Amino acid sequence: MTGPLNATVAAPELLVLATSAALFAIGVTGLLLRRNPMAVLMSIEIMLNAGNLVLVLAARARGMVDGHTGALLVLVLGAAEAVIGLALALAFFRDRPAADVDTQGEVHG
Amino acid sequence: MNTLLPWAFLLTLPGLVLTAFGAGRRPGLASVLGPWLVFAAGFAWLLGDHAPAVVRIEGWLPLLPDAAFALRLDALSATMLCVVGGVSGCVYLYSLSYMRGDPGQRRFFAYLDFFVLAMNLLVLAGNLAVLVAGWASVGLASFLLISFWRDKEGTLGAGLQALAANAIGDAALLLAAVLVPAGAGDLTTLHEATHLQGVAGGAGTVALLIVVAAAAKSAQGPLYFWLPSAMAGPTPVSALIHAATMVAAGVYLLCRTHALLALAPDVLTVVAWTGVLTAVFAAFASLQQPNYKRGLAYSTLSQLGYMFAAVGFGAPFAAFFHLFTHAAFKALLFLVAGVVIHAADGEEDLARLSGLRKQLPGPAWLGLIGSLALIGLPVVTAGAFSKDLVLEAGIEHAPPLGYLLLGSVLLTGLYTGRLWFAVFLRADSQLHTHAPDRLLQGPLVPLALGAVGLGWLGTALGTVLAPALGPAPAVHAVSGLGLVAGGLGLGGFLLAGAWVRARGSGARLPTLSLPWVDAAASCANRAATGVARVHSGRLGGYLFTAMVGVAVILIVMRIRP
Amino acid sequence: MHWFLDMPHSLQAAAILSLFAVAVLLSAPRASVATVHRLTLLAPIAAALPALFQRGPEAFAVLAVLALALIGALLLCTDALENPIHRVECGALLLLGTAGACVLATANNLLSILIGFESMSLAVAVMTGLGRGPRTLEVAFKFFALGAASVATMIYGIGLVAYAAGSFEIGAAPLAGLTGLHQAGLLLITLGITYELALVPIHFGTLGVYFAAPMSFAGFAMTVSKLGAALAVARLAAAHPHVQPMLVGLGVLSITWATFGGLAQRHLRGLLAYSAVGHGGFLALSIGCGTDGRTAAVFYAIVYVASAALVAAALAGRDGDLPYAELRTEPLGKLRTTALVTGLLSLSGVPPSPGFWAKLAVLGPSWHVAGPLLTCIAVLGGVFGALYYLRPVPDLIAGLRSGERGTAASRSAGVAIALAGGVTVLFLVLPYLALRLAN
Amino acid sequence: MAERMVPLGIACAVALLTALGVVVVRRPVHCAFLLLLHSLSLAALYLGLSADFVAMGQITIYSGAIVVLFLFVVLLLPEAGRERPAGAGRVLLALGGGAVILAALLEPMLALSGSGEPPAAPPDPGFSVAGLARSLFGPQLVPFELTAVLLFVAIIGGVALWNRRPAEPSR
């Protein structure tokens, strides 16, 4: 029962938790690093996946089948988000020489 | 009748609506009656049985310690109603002529109506919540009226300055309104210590907040800066709001809560010092001004300093009595200035206004009456009666401050004389003026009568106000101190005459300015541009701030004790 | 019919709204623009019918959201879009976004909150992208990207909460030993939702929408989304007090930020954008201040959305940044100016305005819970905020006299002004009425 | 669950590496392929967590639909979405941001707080498709139904944005 670093959670659970945290952090890093709208959207997908992984883990650890429902709904949500995100990115970057989300905007909002 | 009279603040509402919707052949005519009705309401109470009339509607303002909508008409508020009603009645009549032909005059009268409405709400407020409502409303009205002439340069900036200073006062008063313990909001019972046990710092905190609010409204101490700038507004506005009524609201509030202030002697000391220093400083500043109205504005500051000092000396009656007489003679001085400026087609520069006695004989004499009242010439002017009380209280309560005030009467004489001699008696004018009409000069007469005669009402006023302000000291027509003060003032006045004769338009002190206002403003501007610059339009930066922000929040919440 | 009547109010409303959205889309090829407008306007009214016969906070929340959606639909009729064809799509999206907001405002299930939030947020992103000009697309993409990041944050938080509590119910308590994860999860969820409240430092996306979207959508984001998000956050904060300090901190930060940012603005769009941030701050501050604070927050939210809707209604159909100088040369009509001035005064919180009563109501709980220092900062931020709200007011009122040259309000905007203005004035005279509603 | 440590660890490692690849690799086409691998490794991870149905969903919906959609769109972008390399400052900021987030999330996981030990996972949760259906049409019915609204928004939005064009210049 004793996992690494003195935690009381079972080691596999901790492993998956840590993986999800790392995935989320990688997603954020990508979000901050990349200028290409595609890459930004993909980074967001990685963040969503990180969340989904925790949901599935929660289902397994707590024996709650609702967790699976949640994971499925997040998949649907990811699909909807991808559609809108890609459509917006295409509409915005269709006529631009370089697809760069950091083009100094006209909107200093 | 007693339940109806406190609603007197609504009396200018019909005028406001009618004027705003364009009734009346002449813009503003529909509004003229309102203030006189207010005056009548106050007078009617004074003639009546002297029982305070109170209106309370419970549960009006949610989630406040005192949730009622409370109005209170007692001796203090009734007298103040008369002051507000009387002065604004004269100013309305005056404005009918002064603003004739201005394309925005309908708007002008609507603003004035709104101001009188708000001012009376402030005067009649029974608890802190209602007071705050009136308090901030008059600030709004003042802002709108200062920036009334949008085509004139600097009016918006001046209005915003007034708004900024008022904001400090509003904040203090808002805090006072929310931090008194549950059930305590009534202005007359604020001091009952039981009510204030729950507050951190006790009565002192509330008292200090109230003093800050009053100082902001009456432009005392470091918050003086907005009043001279406010002269950018039309002159009737300067007379009504920035001389006679609104700026006196701070003193009115201090008189209202004098029992609370008495519980906090340290705060009273601060009030006294602030008042005296402002009185002296503003007197010097008035001597530096090249502009007629700004010179008068500093004189208002100085006189408000006398009132503040009187409150600080523990003599609220003296303060209120001075407020009462000052309203008459300062409004008179401003309206005279308005006549002069109007006749000279908007010229306010003292270097160009000169020797107008022959062209404007009426205003010259009325201005002399106002000036002598401001100096405090014993027996014949009202200012002497009230100023003597202030000086007596000062010398009795805090002699060094009292003598300092006494000495500054000489300065009063100097700056008053400088303005009057420069405008009316200096070498003959090259300026072409046109004669003012009767409507413009008529309203000056009752104010001049007040400037001469109101002092004799002192004893009666003391009796009436005793329940509200405590027993009043005897009001003398002649006293040793009064004669000294009058002599000093008159000496200063005549000295100024000689000075003006010798130096002409050069008769002023070199200009000194306190830089803190500009520094604060530029600081705020820099911060504002900085904040705006963070919104660069770069998505990367936004994402970075947002996500790192989230992480930092998580960490902070985790290590928070 | 039983199954329909047994559904939660929010779901009933969402179902009716979706049906109308389908009807709007189907009517498009044949019917006239007027029919589309009529259907869009009818939808919130029809959706409100079931809730009208109910009592309780849930029904009230749904009604409030639907009322704001009605104003949004009215304004949609006057707004300039990139292409008139998009009116149909925007109408349907507005209805669907409202459906999401209804659920967000009332749901007690974290998954419902998530899906409701995402429907609303995506709808706003698309509607913004369909507005006129190149700026709208840019803003829409930024809003989308930042929104997607906060939704991902929220999902991660939901995962942590599910792991720590074993349930998706909003009030579920953490299991033994997992309090830390549970708290972290809740903070993430709250931060995700506050994206729509435009709290610093996650305000950039929404700020852009207020800046550049057509007025009806900016109004939608300022009113419908904000009310829905505020109510959801209030429920979270009620169930889990430990998120309250965060809300207080972010609230005060936002108020200060908005005051400084607002001072630099010289056009109405910027004013409105920063005002939304500042008011989001007051809402968060108030939600973070215990039970009284939450009551005050609901009061504040009602007053704020009414005033913001009034301003949006007054400005509907005007393109561009609306710099103050332009207001003098091209004045609005009398009705619109009056509405705008009333709305601005109410937003600024100077008396006499309902916004003032609302601010007073918030400060009491704030003093007792958040403490003197933070309350002082909030008060100063609030009162100095008046400086930037009032800057255009003299010009606006001065513009009234040349009102005959001004552009008058369209009929639908007039109705919207009447609705929002009526509510604003009602709360001005009878503030306690709003509190009773809030309770 | 402990005996699955090794396969779980491998799946986790693959998921992390592919995710890193998505973030680091410059050519969007490569990114999309890595995202596909990432999604498949996650599906494996889900299988290891007894979430068979979700794993199938991940493969069909995610790998089959979303990632392929990404691939298509990448080809439509100007220059196939090639981007300039990020400057050193940007890399540092991004790494810093990622590290702060990682620290903020990992810390509560490693240092469990609260009283008592967290409950252990049931040895065999006994998940079934029927159980999932009962959840979807039972306690989670409301969010499930709401996905209809969400998808509706996505469809309308996708079509509308794709057709977005300025009105005729006559206006």
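Letters A, B, C and D mark the chains in the order given here, with residues in each chain numbered from 1 onward.
Just so it is clear, contacts are C-beta pairs under 8 Å (C-beta built on N, C-alpha and C of every residue); 3 or more make two chains touch, one makes a residue touch a chain.
Model, not experiment: these values are computed from the prediction.
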Next item on the list: Grab the C-alpha centre of each chain and report whichever is closest to the global C-alpha centre.
Entry: C
Checklist line | Averaged-CA centre spacing for the pair chain B and chain A, given as whole angstrom | finding: 61
Check: Which whole number of Å gives the spacing of the CA centres of chain B and chain D?
Finding: 66
Item checked: Approximate Å spacing (C-alpha centroids) for the pair chain A, chain C -> 27
Next item on the list: Hunt down the residues of chain A that sit against at least two other chains at once, touch-wise.
Entry: 8, 17, 24, 27-28, 31-32, 35, 37, 40-41, 52-53, 57, 59, 61-62, 66-67, 69-70, 73, 77, 80-81, 84, 88-89, 91, 101, 105-109
Margin query: Can you pull out the residues of chain C that are in contact with at least two other chains?
Written below: 111, 114-115, 118, 122, 125-126, 129, 137, 141-142, 145, 149, 153, 156, 168, 175, 177, 180, 183-184, 204, 207
Checklist line | Numbers and ranges of chain D residues touching at least 2 other chains | finding: 90, 93-94, 97, 101, 104-105, 108-109, 111-112, 117-119, 139-140, 143, 147, 150, 153-154, 157, 161, 164
Notebook entry, point to check: Which of line, ring, star, complete and other names the graph you get from chains that touch?
Noted result: complete
Item checked: chain A residues touching chain C - in the complex, by the definition given at the top -> 8, 17, 20, 24, 27-28, 31, 37, 40-41, 44, 47-48, 50-55, 57-59, 61-62, 64, 66-67, 69-70, 73-74, 77, 80-81, 84-85, 88-89, 91-92, 101, 105-109
Checklist line | chain D residues within the chain A interface of the complex | finding: 1-2, 4-5, 8-9, 12, 15-16, 19-20, 22-23, 28, 31-32, 35, 38-39, 42, 45-46, 49-51, 53-54, 57-58, 61-62, 65-66, 69-70, 73-74, 76-79, 81-84, 86, 90-91, 93-95, 97-99, 101-102, 105-106, 109-112, 117-122, 125-127, 131-132, 134-136, 139-140, 143-144, 147, 150-151, 153-155, 157-158, 161-162, 164
Margin query: Which residues of chain A touch chain B once you look at their complex with the stated criterion?
Written below: 28, 31-32, 35, 40, 101-102, 104-109
Note to self: Applying the document's contact rule, which stretches of chain B touch chain A when the two form their complex?
What the structure shows: 532, 535-540, 543-544, 547
Notebook entry, point to check: What does chain C use to touch chain A in their complex?
Noted result: 111, 114-115, 118, 122, 125-126, 129, 134-135, 137-142, 144-145, 148-149, 151-153, 155-156, 158-160, 162-163, 166-168, 175, 177, 204, 207-212, 273
